[in-house]
Amino acid sequence: MIRWAHHALRGLRAHDSLLGRLGLAWLLLLVVVALCAPLAGYPVGADVDLSQASQGMSGRHPLGTDHLGRDTFARLALACRAFTGPGLLAGLVALTAVPTGALAGMHGGWVAHLTRYVAGVVASVPRFVLVLLLLTIYGNTPTVLGLAIGLAYVPELAEAVRARVEGLRVADFVLASRAHGVPEGRLLWLHLVLGATNQLVARHLIRVFAFTVVVESTLAYLGGFGVQEPQPSWGNLLVFEWGRGLGPQVIAPAAALLITLAACAAAAGFVGGRRHAG
Amino acid sequence: MPDSVVLRGLTIEVGDRRLVDEVGLQVHSGQVVGLVGSSGSGKTLTARALLGLVDLEPGVVRADLRVQWEGQRFHPYEGRPRTRRERAKAFASLRGDVLGYLPQDAPRTLDPLSTVAAQLARVARLGRAPDRALGAWLQAGGFTPTHAEEVLPLYPHELSGGMGQRVAIALALARGSRFLIVDEPTTGLDAPVQHRLLQHLRALAHDGLGVVVVTHDLRWLGEVADAVVVLDQGRRVEALTSEALTSGEADSGAARRLLDAVRRLQSPGFPS
Amino acid sequence: MTRVVVTRGAWAALTLLGAVGFSFALVVWAPGDPIDLLPNADAVRPTLEARWRLDQSPLQRMASWWRLLLAGDLGTSLSYRPGAPVWEVIRQPVVATGLRVLAALAVAITTGSVLALRTGGQRRSRTRLLVQLASLAPLFLLAHGAVAVLNEGAFALMQAGWMGRPGWFALPDQASLLRSSLAIGLLAVGSSSLHEVHAEIEHAVAHLQESPFVDAARARGEATWPLLLRHLLPTACSVAASRVGWLLGGSVVVEKLLLLPGAGAVLWNAALLRDYEVVLGLTLVAATAVVVARLLADLARVWLDPRLRASA
């Protein structure tokens, strides 16, 4: 188990890039904030204070207040919860694609065809539409959101893993080791598969997280699905101050979104190697 | 004044390696000049440098190239072009009209998405005889009349290696360049076809073209070439006349090695 | 060629059937009482219980849905426009959105190709970076920004007396030209379509620039871009098909924000009202669009390349 983790980490450190590391650090920070922010005891829902409405940046309110007097910084931090939960859940769901894809790649034949078919079926429904469909049927909860996003990314990840493992299967060194009579021990295969796929799996997981951030904030912005007032989300922080100028109340959530998505892009590149490198 | 291409002092450096060192050659219309040497001697680079097609990044190409054509003079390397675009601009009036290029592995230079006829028509339109029948160009490239008609509607992937070679030659001729720089035209062809091809180049020279043939195969060059420049490791080591080729005498070790190899191949008992 | 059309067509049809079954299954196997979630539950309960036969097993319900679908019946709207057949509800919006998506595709492909041809082959291009940055932002953020800028600008112009109240402050049901164009532009950029197109085509161009036939054309003094364009068509087709899904998803955001009538707006509003029939109907239309786009792109790739045509 430890050896596998070590193997996986060694593959992840493939590309040295400052931006990539910064990106990963930012994402980690978001998760930490999501876990710790609620502990600060900010009274969500009971924080309206019209005497403090629309303040600028100050010591007491580092990012000012919105037009109901609610502190922007606190709500910005609390909003991290809205997407980290679903994001991590979506990642877990997407991971189920890995053994499926690996099996299909190793076995070939009808298993591969079936996997390709099922992946094609699920991928036919546009991701956002699938998410909306599931939220409509199964209810508007973070769990459903996480499951829906994970499901939406299963086809892509399964296909990527299948293609990589299939390439591995016919790789020269595998054929050579077979010729030398090395038995296809399960452990050897697991080692090879994990080693070959951990970069691309990591890259996809970050993409899943980025998509969760986008979908969650979009739903909150459009209103009706996703996080509802008074729970904060970067999306509804933005829409709430619509038409009230360009203060920190508007810039902060927008910046947070852009930085997070840029961090995801950088981290994905860092962790996953170059795009077209197979 | 006959048209001429005079190259002096061609130097190609990548980093601190000199791939080509102060190489020069000249060809006049009506001449066939051979450019020979073992692999890695810089022949292809020199040939491409005549057209400004050396795109080494990073790399520096320095040369003094003087082209005289129909009373006009061209000095394409004078402005020291450094990027592909700059070279394209500098060589714009030369490429195609004056200097033609038949690269190595010619069949691969055909557009895989167009038929032979379509490609020939496109190129012939740019040349000096745009109304000539396409089949005639193919014949000039070495096809028989009936075979030429059969080949016209085909796509490049349907052609054999030799056929592709001949189509490429037809394209080069249809372009109507005054000088033709041909790189390893005999690779992959069987001996009698190779011979015919080189005779063909001689005939072209007779018609007024100037031809530079790059090859590592000296067997027929003696009958065909007026002069041969020998390269070894990027340097010009000798210029042989056709008598030297037939007599087998040379000054430089490189040239002697080449001639030796040719003699061994041509000795009885070895299939030719 | 016919063989390829038949095999790929069959695979596409099978995939579509699978997508339909998949969507039906998601709805049918949902736990709980689906009628309860409807806002007008009490009003429609009697008709729905009869129509949906909730007393039957899920498989039987799926079978009856399949039967209805094959007969051309996409269901009846429950809460969005109660009683109206789904097909009537979605027909015009689907066309409107479809046209917008096609336009956005065209914009993305042409702009992406032009940009890529200008910078293709260079390893680090500022254009690629700019396009990447622009597509990082979520679509709603881009739209929000664009609308805010437009509003502020228009307001300032009106205050300065340079123009009267502009026509595009029109009612939501009238899609003004400006709002539609803005929607198309935002769709092309915000759904990462422009970025993907640019990246794919740039990669293809870089590869093509080094190929022997482009080199030979260059040696003949020909302009290389017509040759490059012809060789880029297959890539353009593939990447266009892969963007259809994203564009459809993006339409929901863009139509809601810019107050444009379309399938995206209908989907959103029907989803808010828990109108499964309409949402399901639109899901099926979306899946069909994606599958058909993929099929067309596949066939186009084979048709455009004589080598693939020969082996087909």
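When the chains are written out, they are named A, B and C in that same order, and each has its own residue count from 1.
What we mean here is this: a residue touches a chain if its C-beta (ideal position, glycine included) is under 8 Å from a C-beta of that chain, and two chains touch if they have at least 3 such contacts.
Given the structure is predicted, the values throughout are model-derived calculations rather than measurements.
**Student:** Given the contact rule stated at the top, which pair of chains has the most C-beta pairs in contact?
**Tutor:** A-C
**Student:** Greatest Cα-centroid separation from chain A: which chain?
**Tutor:** Result for max centroid distance from chain A is chain B.
**Student:** Just to be sure I understand: the centre of a chain is the mean of its C-alpha atoms, right? Then which chain's centre is nearest the mean of all of them?
**Tutor:** Answer for the innermost chain: C.
**Student:** Need the CA-centroid distance for the pair chain A / chain B, whole Å please.
**Tutor:** Using C-alpha averages as centres, the distance is 57 Å.
**Student:** Averaging over Cα atoms per chain, report the distance between chain A and chain C in Å.
**Tutor:** Here chain A and chain C have centroids separated by 22 Å.
**Student:** Per the centroid of Cα atoms for each chain, what is the distance between chain B and chain C, given in Å?
**Tutor:** Between these chains, centre-to-centre, one finds 52 Å.
**Student:** Taking the touch rule as given, give the residues of chain C at its contact with chain A in the complex, in rising order.
**Tutor:** Against chain A, chain C makes touches at 14-16, 18-19, 22-23, 26-27, 30-31, 34, 37, 132, 136-141, 144-145, 151, 199, 203, 244-246, 248-250, 252-253, 256, 267-268, 271-272, 274, 276, 279-280, 282-283, 286-287, 290-291.
**Student:** Enumerate the contact residues on chain B facing chain C in the complex.
**Tutor:** Checking each residue of chain B against chain C gives 51, 53, 88, 91-92, 94-97, 100-101, 103, 105, 108-113, 123, 126, 155, 157-158, 168, 171, 175.
**Student:** Quick check: in the complex, which residue numbers of chain A touch chain C?
**Tutor:** 117-118, 120-130, 132-139, 213-214, 217-218, 221-222, 224-225, 235, 238-239, 242-243, 254, 257-258, 261-262, 265, 275-276
**Student:** Spell out the part of chain C that touches chain B in their complex, as residue ranges.
**Tutor:** 212-213, 215-222, 227, 230-231, 304-307, 310
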